[in-house]
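All chains are identified by letter, namely A, B and C, in their written order; residue positions are counted from 1 within each chain.
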Amino acid sequence: MKIVLKNLSKIFPSRNKKSNGVVVAVDSLDIEIPDGKLVGLLGPSGCGKSTTLYMISGLQKPTMGQVFFGEHDVTMLEPEHRGVGLVFQNYALYPHLTVKQNIMFPLQNLKGEEKLDKEEMLRRAQEAADLVQIGDLMDRKPSELSGGQQQRVAIARALVKAPRVLLLDEPLSNLDARLRLQTREEIRRIQRETGVTTVFVTHDQEEAMSISDIIVVMKNGVKQQVGEPQKVYDDPANLFVAQFLGTPPINVFDGELSGGWLYIGNERVMDVSPDEPDRPVVVGIRPEGFIPSGNGCFSGDLKNIEVMGRDCSVVFTNEKSQKPSVRAIIDSDAGASLIGMSKVSFDLKRNKVFLFESETGDRIRF
Amino acid sequence: MADFSKYTKKDLNVESASRSQRISKIAGNIITYIFLTIMAVIIIFPFYWMIISSLKTMEEYRANVPTLWPQNIYFENFATAFGKANLKDLFLHTLLVGTISTVLSLIVTVLSAFAFARLQFKGKNVVFGLLMATMMVPGELYTITNYLTVSGRLPFASESISALDFTNTFAVLIFPMLVSVFYIYLLRQTFMQIPNELYLAAKVDGTSDFKYLWKVMLPLSVSTIITITILKMMGAWNAYIWPRLVANDAAHQLITNGLRGASFTDEFGETNYPAQMAAVTIVSIPLFLIFVFLRKYIMRGVSRSGIKG
Amino acid sequence: MKKKIDNAQNNVTAADLYDRKTIVKLNRDIGSQNQLKGWIYLAPALLLLLVFSFYPLINTFRMAFLNGYNGLAIVGGESFSVGIENFKTVLAYSDFKQCLLNTILLCVITVPISTILALLIAVALNSIKPLQKVYQTVFFLPYVTNSIAIGMVFNAMFTRVGLGDLVQTQGIINNILGIFGIGPFNFVNVGSSWGANMFVVCTYIVWNAIPFKILVLLGGLQNVNKQYYEAAKIDGTSKVRTFFRITIPLVSPMLAYVIITSFIGGFKEYSSIVGIFGEGMGPGGNGQMNTIVGYVYNMLPKSNLGNASAASLILFGIILIVTAINGYVSKKKVHY
């Protein structure tokens, strides 16, 4: 089922009653989520991504705007009529029911023509449990399961009623690092096998990048960019997106456009369109955008070289960097030749360098 | 393999679903509020009836068709109540007994709670367990022997020792009920929430245990102390059984006993209900005031216990 | 002191140098040196408890098992044989049987009714936003009352006023019932039936018991994670099913607590009835509404101490049994 969010906004009254203020959690969101895709809603905490998810589920009502499932406007529809499955951040498994009872719970709510007999319910519960590979834990109570197993039960419970849309709120945040890697592959697999349109919320860009078909980057309730993860990474719409995606994060410098050239400090780094007016800009350079070169256009004082197998990261300082140190990722052989030097200089890969307006952070395409 | 979409209902009937959900939501709300309002009226009704009855004349109270508001507000009932039930003395007795037993009880409770919460000594856990176990025992079991004890009838004596007969004194209303294991438990829990580091810091600074208790623990436990004070005062105000047994003479009678014992019946055998209701109202007023101003402290204590007063 | 120093390794630990007792002493935290201090702080409470709780407990057992004990004459006079005569006598009294029946009935009737009502009110309160605090305050009102005083108000509401045939008002409750064409009944006046009295007493006890239960149950409901309800809502769970399958199991610990405390309170019921009927424990003082506790207190001034003790031990026994049953059922039914 395709999901369309039109001009969706959620405004809360501010907690501080005296100020009479409001908090805009989600601001005029327009997103189209194609049928059958795995979509990651990504942003720092408080960016409105969970609120958006809850509005899709129907648990929260938008202040303005509409939610469409396919052609249907479901904005005012209660969650039970939407046919969504929701996996809560802390799973919300009923503590007094066994795994089997938890998974069957949604099926037992069906009424009238949809009503299922006991065998059919058990069969579907078993099918859902097998899908998430907990088929042998059916008689346990949630308290007897590990975090990862609870997560799977929650997914099975959400899937068993064959939802039109599967929603996951921070599905990996309560798991330890090892389980996280494993579970995110699992979510990818389950989504592929079922083909259900899936939206999940996360603050972890790596998580979103690794499994999503599409990511939606949000900040302060405003959509920043939508697209396939690699495209968004390679072509960020603004400084925020560029900084939010990628580990290690992008290096940011104060630069200047002058006479068709980009300067960082005194160094003339790159040519730009001569039509660009002269002005200060913000320069973002991905760590993998540096090529060591004896007389490169960009240099700094070497601090440290960390070798990590195939790659190594070169840590150096540059007075125009917005952070104390700059990090470049190059291959180990090239890194080895830099050991012992006090100054390093680089050429830059043009497609790894991004320019942004210093005031707004908007991307400058040069 | 697992194609759940085959189970998904294809049509999403927005129209009828949103109509039915709207109706059920409104209906649910209306039913909830009607239910709560009916129950609230039932809960309030006795208070309402008490107050309006206390303001009616006997004629109006007796009327075949009851009035829901007094036609002439007749305050004289309160004067009658004060006279008939000797309310002034009862108030004074109760206040005296309530205040003294609250203060003493607080001292005893604070000392014990501190010992249980902070001090280390052999046998602590055994004694604490023993005390907790007594919470199971119904007070009636103690009352029989305590009645004998305070009247000087000791098990080894063949008859009552009059020198040890404390019936009809204020002391007998205060001491047997002084220690409440529940209060000790309540305050111990509060004390234990105070971080141990504070105690250690005070020790490092050379603060004595008693000074630490007085200067640090008590100020941090004020709300529990208030809860205990209110419950204890209410206990004195509502005490009935024990006072009736041991100190029911005019010089020591407490308010509840005086109220129940007072005769509002005239020489023809007719009960002056408005005056009785006035007396009941007077007795209830302090409790209402506590309710209005100190409700949260009571609620805090109550939700942790089944006891009343 | 045990000394086992390995010179070659020179690897000495405290365990090698000191025996266990010394280590315990060395490890003792500050503030724990003074054994006496703890007992001094406890002394006032322990002294009072010893005289007014522990001694009575033992003495009550003693009196209960001395046949026909009347509290007098051990020195020189008649002595009492040990046995269970008191229990036999008490259980044979028709008065006591009536008290026992009344008490049990009061519990069996009022505990379920007040618990169900309180649960419904608590759930309703928990589901509303506007006016929640106002309603909550109202429902807590009966808690902070004097049970004797309000018992008198209940008496007034149910009493008809007037002498003999000259009945003038039937009492407000009969008036209200009259609107629906019911009654009038003789609820509490002289000559009223045991059933009518029971109705009045139960009504009062339920009214009086509700606030505490609402408070505890509402506290329990408010502690239930909202996400369980959201999850149920997503799955289209009906209100009724949510109530039975989610709400009740999740507040079952509070329900168990409320039920056990009100059973114990119910078996000790006394002052509500004094409030309504006076110490006569029945219309015109006929004692037909008397309870176990009432029976114990009636025995006291008569110096019927053996019987009073036996009766109070029977009460204790009942409370222990009820607590044990409740504990057993809770273990089976109460979740986590």
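Going forward, contacts are C-beta pairs under 8 Å (C-beta built on N, C-alpha and C of every residue); 3 or more make two chains touch, one makes a residue touch a chain.
Treat the numbers as computed from the prediction; the structure is a model and nothing was measured.
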{"item": "Chains contacting each of chain A and chain C, listed by label", "value": "B"}
{"item": "Comparison of A-B and B-C by number of C-beta pairs in contact, larger one", "value": "B-C"}
{"item": "Longest centre-to-centre distance from chain B, chain (CA-based)", "value": "A"}
{"item": "Centroid spacing, where centroids are CA-atom means, of chain A and chain B in whole angstrom", "value": "56"}
{"item": "Approximate Å spacing (C-alpha centroids) for the pair chain B, chain C", "value": "14"}
{"item": "Where chain A touches two or more other chains, by residue", "value": "78, 80-81, 161"}
{"item": "Multi-chain contact sites of chain B, meaning residues that touch two or more partners", "value": "none"}
{"item": "Contact set on chain B toward chain A in their complex", "value": "1-9, 12, 14, 17-18, 21, 25"}
{"item": "Residues of chain A defined as touching chain C within the complex", "value": "57-59, 78-81, 84-86, 88, 90, 92, 94-97, 105-106, 108-110, 143, 157, 161"}
{"item": "Interface residues, chain C side, partner chain B - complex", "value": "28-32, 34-39, 41-42, 44-46, 48-49, 51-57, 59-60, 62-63, 71-77, 117, 120-121, 124-125, 127-128, 135, 137-150, 152-154, 156-157, 159, 161-163, 168-169, 172, 175, 207, 210, 212, 215-216, 219, 239, 257, 261-262, 264-265, 267-268, 270-271, 274-275, 278-279, 293, 296-297, 300-301, 305, 308-309, 312-313, 315-316, 319-320, 323"}
{"item": "Of chain C, residues touching chain A in the complex", "value": "225, 227-228, 230-238, 241, 245-246, 249-250, 252, 335-336"}
{"item": "Partner chain C, residues of chain B touching it in the complex", "value": "28-29, 32-33, 35-36, 39-40, 42-44, 46-47, 49-50, 53, 61-66, 107-109, 111-112, 114-116, 118-122, 124, 127, 131, 134, 136-149, 153, 155-159, 175-179, 181, 184, 199-200, 203, 209, 234, 237-238, 240-241, 244-245, 256, 259-260, 268-271, 273, 276-277, 280, 283-284, 287-288, 290-291, 295, 298-299, 302-303, 306, 308"}
